[in-house]
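Letters A, B and C mark the chains in the order given here, with residues in each chain numbered from 1 onward.
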Amino acid sequence: MKGIVKRFGGVVALDRVDFGVRPGEVMALVGDNGAGKSTLIKVLAGAYEPDGGEILLGGRPVTFKTPQDAQKHGIATIFQELALAAKMPIADNIFLGQELTRKLFGIPFLDRRTMRNRTRQLLSDLDVHVPDMNAWVENLSGGQRQGIAIARALNVDANLIVMDEPTAALAVAEVDKVLQFIDSVRSQGKGVVVISHNIQDVFEVSDRITVLRQGRQIGVRETGATTPEEIIGLITGASAVKVRTRRPNRVPSEAN
Amino acid sequence: MTSLSRFARDAQRELILVLAILMICALFASQSEFFLTERNLTTVLRRSVDLAIIGAGMTLVIMSGGIDVSVGGILAVSAIFIGRAFEADLPAPIVVIIGVSVGTLLGLMNGAICAKAKVPPIIATLGSMYVFIAVLYLVIGGTWISGLPDTLSFLTRGDVAGIPVGVFIIAAVYGFCWILLHRQPWGRHLCAIGNDEGAARLVGIPVDRVKMQAYALLGLLAGLAAVLYVARLRNVEVNIGTNVALEAIAATILGGANIRGGVGSLIGTLLGVVFIKLMQNGLVLIGVSSLWEGVVIGGLLVVVLSIDALQSRYRYGRSL
Amino acid sequence: MMAWSTHDPTTKRLFFLFGLWLVVIVISSLLSPHFLQASTIPFLLQYVPIIGLLGIGQTLVILSGGPGIDLSVGAMLSLVGLAVGWLFTLGVDIYAACLLGILFGAMLGAVNGVLINWIGIPSLMATLATLFAYSGLALALTGGTPIGGLPDHFTWLGQGQIWLIPNHFLLVFVPVAIILHVVLTYMRVGRHIYAAGNDERAAHLIGIRVRRLRTGLYILSGVLAALAAIMNLSWFQAARPDAGIGMELLSITVAVLGGTYIFGGQGRIAGTVLAIMIVTTLQVGLQLANVSQAWQLGVIGVLLIGSVGINTLLGRQSLGQSLGRLMGQAK
């Protein structure tokens, strides 16, 4: 993503943000509240259209008008709010927006059997256990719901998986499962973007880290080559103090 | 959990309604020997068709998180067009098409105001109801449209193989709506919108389009109900459609729909319609003023809603 | 706190409403030469208090959020009117009957409050159910026939005038409106109401008893409906079971037209009052011009939809930004 701009009314949420992920790498996206992380990935997911800038996949520019566009290009997103429909069963949620149909007398009908089987398979792949396949999503635990949201993303044949705060509301054991899942996706050669405010998780699982602050991208670091302190400094802007004094018109008389 | 107890849990509301219907049937039958006669029951059936088909559409709209209090007005305006079409001697199929089209257009208008102009449905349909009623008064005013031909009355009075035509109409409408809701992606989208509109948008569901289609469908069914109404009564008068919206909403909610959206039952709505119509009929037959029906419906609504609310309280321990 | 800055969307709303009222006055005087006379004013003010009280009650209910709404106000009006009339026929002194009627109205409102806030039924459904129940009761208990025979000396409230201003306007509506405006704007309870409507959870965390507050407002709605019923009785000298039909929708209309945000947290009594004046002036203007009442209905419907459309524009951003957005969306 290059130079992405997004405005809401008079507020500039994203100010010419550059952001990139390579296949087979886990890129962490960090920043304080309001930095623009969720907005950026919603642009990537096709939920928002950027007001400026472009998105490039494999070097070629693409535009997403709807989330289904993004999915067709191989981007699967798991939103922070999970975007699940509470009073609907698991299979319906996993296939929301991507329902499978089969034709009967030329009219497409929902192919519920295939969707149910696929749901069962996805859940067992992810090691998510639910008491009842027909249960409404709202009756499940936070960890199970996260699992279903992940299953929905997996259902999209994706090359890039984007996760917004995947571990925020989970218990320790469930956090582990999610981190393992991210590892396994990476080893399949796909790219992963993870938004997290948990620096520990970030350092445990990511290869590179991008920092956003107040709508601007202010740095990309190799995880192995940086420290939590430096990242936190970038997030909060402590290091900005150093940057601010180096104004061009304050360069000492050497420039003359 | 055995499949029987699961059925009882899932169909809880419908079973309560069946029980309620059986109870009032028993009550009315004991006080009036005319109540359970074939003649009486088929009359009730024939009179229920309008409310039933509007109820189906209303269920879908309420499930999408919306509401439409203007259906009575849509019915009225459609009826005006139908009446005038009859007076102009247009052939029956054309009249039907006109009636249904007017209804669909008005429903679409409601949908557009709600979805595109972002006006809350209660306000939008309140406003459009005023406009429709105004149109009704202005066109009909003191003079009814009356003496219309009975070319279409087979729809309301006729039988096919001994079963009133109305049964087939209801079956067709409910069958169609059920397939739409449970066997089509559109229905899943509708449900999701009623559950969480933001989530539906995030997964790429065309929320505005689906909402407008739901309102348009309700309008279509209201137009169809107008056709049946005019066919049955052969006139168009000022009071047409006054209670239909509230009764349809009541039937839908009795049937298990949640006003916030996302949950609903077509079978339940149909049972709700049956309950309301049997109630109206039975009260008259046993000599109690039909004016008590409002109290009974209101009372049953309170009971049913309270059970619902307390159940979810218990399940989720809501504090506020 | 409530400074009259022109950037405040609610103040803009008031200006808009005032302007709209002037427009209606101009149109009415164009439609009929009889409009611009001194005698029109008391005629007009006569209609204001009943819908006025209902509208103010509705405003407060909607303001407190939830979302809150009271569809049963019209039915409560009918039922309380019948109760008072019935008590009178039993021999109870008319004024005592009125007091009991107010109590009765409070009880009816309390039913709503409990159903919505303590049992947890959404307000639209709960008040729909009580609408059915109350209006059904009103019809059933009277068989549809009004209770007449109220004493002549009782009509001073509804039919009398002081210096050409109707009594019930001056002695009931104006004080009630002023008191409630003061409470809403300058007292702590008022702040709590706005808080509950804006962010229920935050209000709760601050320690505001949201449930009690909302229940109280539904009770108030019942009391105001009872007052309106009494004024109705005094005006028409009879209690009709259908006295309140359509009033609930009208009360919502004036509340929303007056700038009350349907999900709570935004709105002013002044706005509602202006909306009532607009609607009443329209009604009277059309009446005097012999134009069918149907036009009034139609105009109100359009106004209602339009005003909320504008509300979404004015309420959340400046007009300029909104126009910019609209144009930007026209791709």
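In the analysis below, contacts are C-beta pairs under 8 Å (C-beta built on N, C-alpha and C of every residue); 3 or more make two chains touch, one makes a residue touch a chain.
This structure is a prediction, so every number in the text was calculated from the model and none was measured.
Central chain (C-alpha centroid nearest the global protein C-alpha centroid): B. The chain pair sharing the most C-beta contacts is B-C. Centroid to centroid, with C-alpha atoms defining each point, subunit B and subunit C lie 29 Å apart.
Note: centroid distance subunit A to subunit B, computed from Cα atoms, is 43 Å. Per-chain Cα centroids separate subunit A from subunit C by 48 Å. Looking at subunit A, no residue sits in touch with two or more other chains.
Counting partner chains per residue, subunit B has residues 258 touching two or more of them.
Residues 42, 45-47, 66-68, 71, 79, 81-88, 92, 95-97, 99, 101, 108-110, 112, 132 of subunit A are the ones touching subunit B in the complex.
If you check the complex, the residues on subunit B that touch subunit A are 1, 179, 182-185, 188-189, 191-192, 195-196, 198-206, 258, 262-263. Within the complex formed with subunit B, the subunit C residues making contact are 69, 115, 119-122, 124-126, 128-137, 139-140, 143-144, 200-201, 204, 210-211, 249, 252-253, 256, 262-263, 292-298, 300-305, 308-309, 312. Residues 67, 113, 117-120, 122-124, 126-131, 133-138, 141, 246, 249-250, 253, 258-260, 289, 291-299, 301-302, 305-306, 308-310, 312-313, 318, 320 of subunit B are the ones that touch subunit C when the two sit in their complex.
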